[in-house]
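My questions will all concern the structure given below.
Each chain carries a letter (A, B, C and D) given by its place in the written order, and its residues are counted from 1.
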Amino acid sequence: MTKGRLEAFSDGVIAIIITIMVLELKVPEGHQWADLKPLIPKFLAYIFSFIYIGIYWNNHHHLFQTVKKVNGSILWANLHLLFWLSLMPVATEWIGATRFAENPVAAYGIGLIMCAVAYTILENLIIKHEGEDSQLKEAIHSKSKEYISIACYVLGFATSFFYPYIAIGFYYIVALIWLIPDRRIEKSLREN
Amino acid sequence: MTKGRLEAFSDGVIAIIITIMVLELKVPEGHQWADLKPLIPKFLAYIFSFIYIGIYWNNHHHLFQTVKKVNGSILWANLHLLFWLSLMPVATEWIGATRFAENPVAAYGIGLIMCAVAYTILENLIIKHEGEDSQLKEAIHSKSKEYISIACYVLGFATSFFYPYIAIGFYYIVALIWLIPDRRIEKSLREN
Amino acid sequence: MTKGRLEAFSDGVIAIIITIMVLELKVPEGHQWADLKPLIPKFLAYIFSFIYIGIYWNNHHHLFQTVKKVNGSILWANLHLLFWLSLMPVATEWIGATRFAENPVAAYGIGLIMCAVAYTILENLIIKHEGEDSQLKEAIHSKSKEYISIACYVLGFATSFFYPYIAIGFYYIVALIWLIPDRRIEKSLREN
Amino acid sequence: MTKGRLEAFSDGVIAIIITIMVLELKVPEGHQWADLKPLIPKFLAYIFSFIYIGIYWNNHHHLFQTVKKVNGSILWANLHLLFWLSLMPVATEWIGATRFAENPVAAYGIGLIMCAVAYTILENLIIKHEGEDSQLKEAIHSKSKEYISIACYVLGFATSFFYPYIAIGFYYIVALIWLIPDRRIEKSLREN
C-alpha cells in the first residue's frame, strides 16, 4: 500500500483541527478595543495550540518522508494519533474559557501526553514495519529529545494543580524542543 | 478517468466528517472535573463514531487500491456513500445528547446500515466496471464478513428499541470485524 | 502552470461546502421520532443541495480532465465558481428553515443560476486558453443541455414567487439532466 | 524534502478559512427580502475577504511553482502565514457585525498587514534557501508592487480611525494590484 492517501487524509484532518480552533474566538458584541479583552486568554490558548498542532504536522511530515509503504497497523496508529489531536481544540477552548484554571490545564496536559504517546506508537510501528534497515530507526537512535519531553510533561502535569502557569511553561519547553523539525531525519535523508 | 480526484475529494469529506463531530463536545461552563460529567456520553458516542468513520476510510482506501479507472456510476455511488457518512455526525449527536436512548440508537443503526448498503453498491459497481478479471472480485470472493455484519445490524436494530446498550454491542461487533483493514485485499495485492 | 493545486483546492472547498450543510441539521431536544419532524424540510433541502453540489463536483472533475495547463484567468474564474457554490449552504438553510417559502426558493434559484453562469464562464475561459484544437470545445459542441437548463432556471425562478414547489421541480429537472456526468467529455476522452 | 505536502496542507487550511467565513452569514428568521437586510454588511465583508484570501491562495500557488525543495524554516514561515490568514474570518466577522466601525476596520487592517509581512518573510526564506540562482529572486526583482502595497496599508490603517470606508478603499487598492496573479513569476516560468 502506498502512503499517499494516508498523508492526504492526515493533512486534511490536521488542517481542519488547526482551523476550527479559531471558531472559538467569538467576535465581541461592541466595537471598542476593550471589547476584545475577554478574547485575550482564548487568543493565547489559540496561539499555543496552533504552534503545538503545527509541530505535530511538521514532525508527521518528516516522519513519513522516510516511509515507503504502510500497512493496516500503521493506518490505525495514525488514526489513533489523529483522534487525540482532534481533542486538542476542546482542551484549548477549556483553558481559554477558564483563563488557564488548574483542572483545565491538567486536562490539556493529558491531551498533549496522549498525543505524544500516540506519536511514539506510530513511530515504533513504522520502524517495526520497515525492519532492520529502517532509515527512520537509524535517524532517531538517540532518544534524548523524547526523554526530556516526557520529564517536562510529567512535571507540567504535576504542577498544573498548583501553579497552572508554570505547567504551561513546562509544556512550552517541550514545544520549543520540537519546534525545530526533526533535524535527525533531515540529516539522515541527506546522507542517504 | 483517473481515480486521483475521487480519492482526494473522499479524503476531504471524510476528514471533515470525522472532525466536525468533535465540535459537539461543548466545553463545560465551570472548571471542575465534575463539570465534564455531562460530556461523558457524548465523548463515548464520539469515540464510537470516530472508530466507525475510521473503518470506512480504511476500507475505502483499501477498496480503491485495486481500482485503476473510474466512471460516472462509480463517482455517484461514491457520493452516495459520502452522503450517508455525512449523516453520522448528526446521529452521533443524537445518541450522545440523549444518553443512548432507544429511538436515537435505532436511528444510528439505520445510518450504519445505509452506509453499509452504500459501500456494497460501490463495491459491486467497481467489480462490474472492472469486468471478469477484477482483482477486487477475486480478493473478496468469500463474503462471510459481509453476512455476519448484516446479521449483527439486523439484531442491533431490533434490540435497540428494548435494550439500546445491547444494540450498541451488536454494532460494536461489526466494528471489530472490520477494524482490521480488509486483509483479503492486502493479500491479493501482494500476490499480484 | 499545472492544474494539480487548482483541483486540490477546489476539492477541498467543495468538500467543506457539501459537509457544512449537515451542521444545520440540529439534533432535536427530545428522543422521540416525532422530535425529528421539524428536521424534515431541512433534510429534504440538504439532500437536494447535496445532489446539486455533487453534480458540480462531478462536472468540475470532468471539465478539468481535458485541461492541461491553467492561467491566472482560469484560477480566478474557478474561485468565482467556488464563491457562488459557497453561498449554497446559506440558501439551503433558508429554504429549509422557512419550509420552502416563496422568497427563499427564489433566492435559492438565483444562487443556482449564478453557479451555472460562473461554470459557463470557466468553461469558456478554458476553451479560449486551449485555443483552436481544444478537446473540450470539440466535446461540448452541442449545447442543448445548456439551453434546456437556462430555460428551466428561468421558469423555476419565475414560478418560485407563486408556487415554490413547482420551482423546485424545475430546478430538479436541471439536476436530473446533469446528474449523469458529461458523457460528451467521457466520449471525447475515449476517442483521443 | 519535497513541497507536495506543504502545498496540500496549505490548500486544506486556506480552503477551510475561505469557507468557514460563510458560516457567519446566519440565515434570517423570516422569509421576506427585508429580513436579509442585516446580512448586507456581513455579505460585503464576506466578498471582500473571499477575494483577499483568494489572492493569497493564488500568489501562494504561484510562489511555490518556482520552488523545488523546502526546509524546516520554510515550513514554519508557511505556518506563520497560515496563522495570520486564519484570523481573517474573525476580523471579517467583526467588521461585518459592527457595519465597518472604526476599530474593527483598523483591526482588519492589522490582520492584512500581518499576512503581508508573513508572506514577505516566506518569500525571502525561499529565495535564501534557493541561493544565488533563485528563479523566484530573478522573477520579482522589481519590488514596486510591494512598495505601493505597504503605502496603501499604512494609509488605510491611519484613516481607519476617522473614515473607515476610505480605509477599506485603500485595502481594496492593494487587492486590485494583486488580483492579477504575479505575472512576473508566470513570465519567468515561461522563459526558463
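The criterion applied here is as follows: a residue touches a chain if its C-beta (ideal position, glycine included) is under 8 Å from a C-beta of that chain, and two chains touch if they have at least 3 such contacts.
From a predicted model like this one, the values you see are computed outputs, not experimental measurements.
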item	value
Homomeric contact chain A-chain D: same or different residue positions, threshold half	different
Reference chain B; chain at largest CA-centroid distance	D
Rounded Å distance, chain A centre to chain C centre (Cα mean)	38
Between chain A and chain B, centroid-to-centroid distance (C-alpha), Å	27
Multi-partner residues of chain D (at least 2 other chains)	8, 12, 15-16, 20, 23
Partner chain B, residues of chain C touching it in the complex	7-8, 11-12, 14-16, 18-20, 22-23, 25, 27-28, 30-33, 36, 47, 50, 54, 57-58, 61-62, 65, 179-181, 183, 186, 189
Complex interface listing, chain C residues touching chain D	1-2, 5-6, 8-9, 12-13, 15-17, 20, 23, 71-72, 75-76, 79, 82-83, 86-87, 89-90, 93-94, 97-98, 101-104, 107
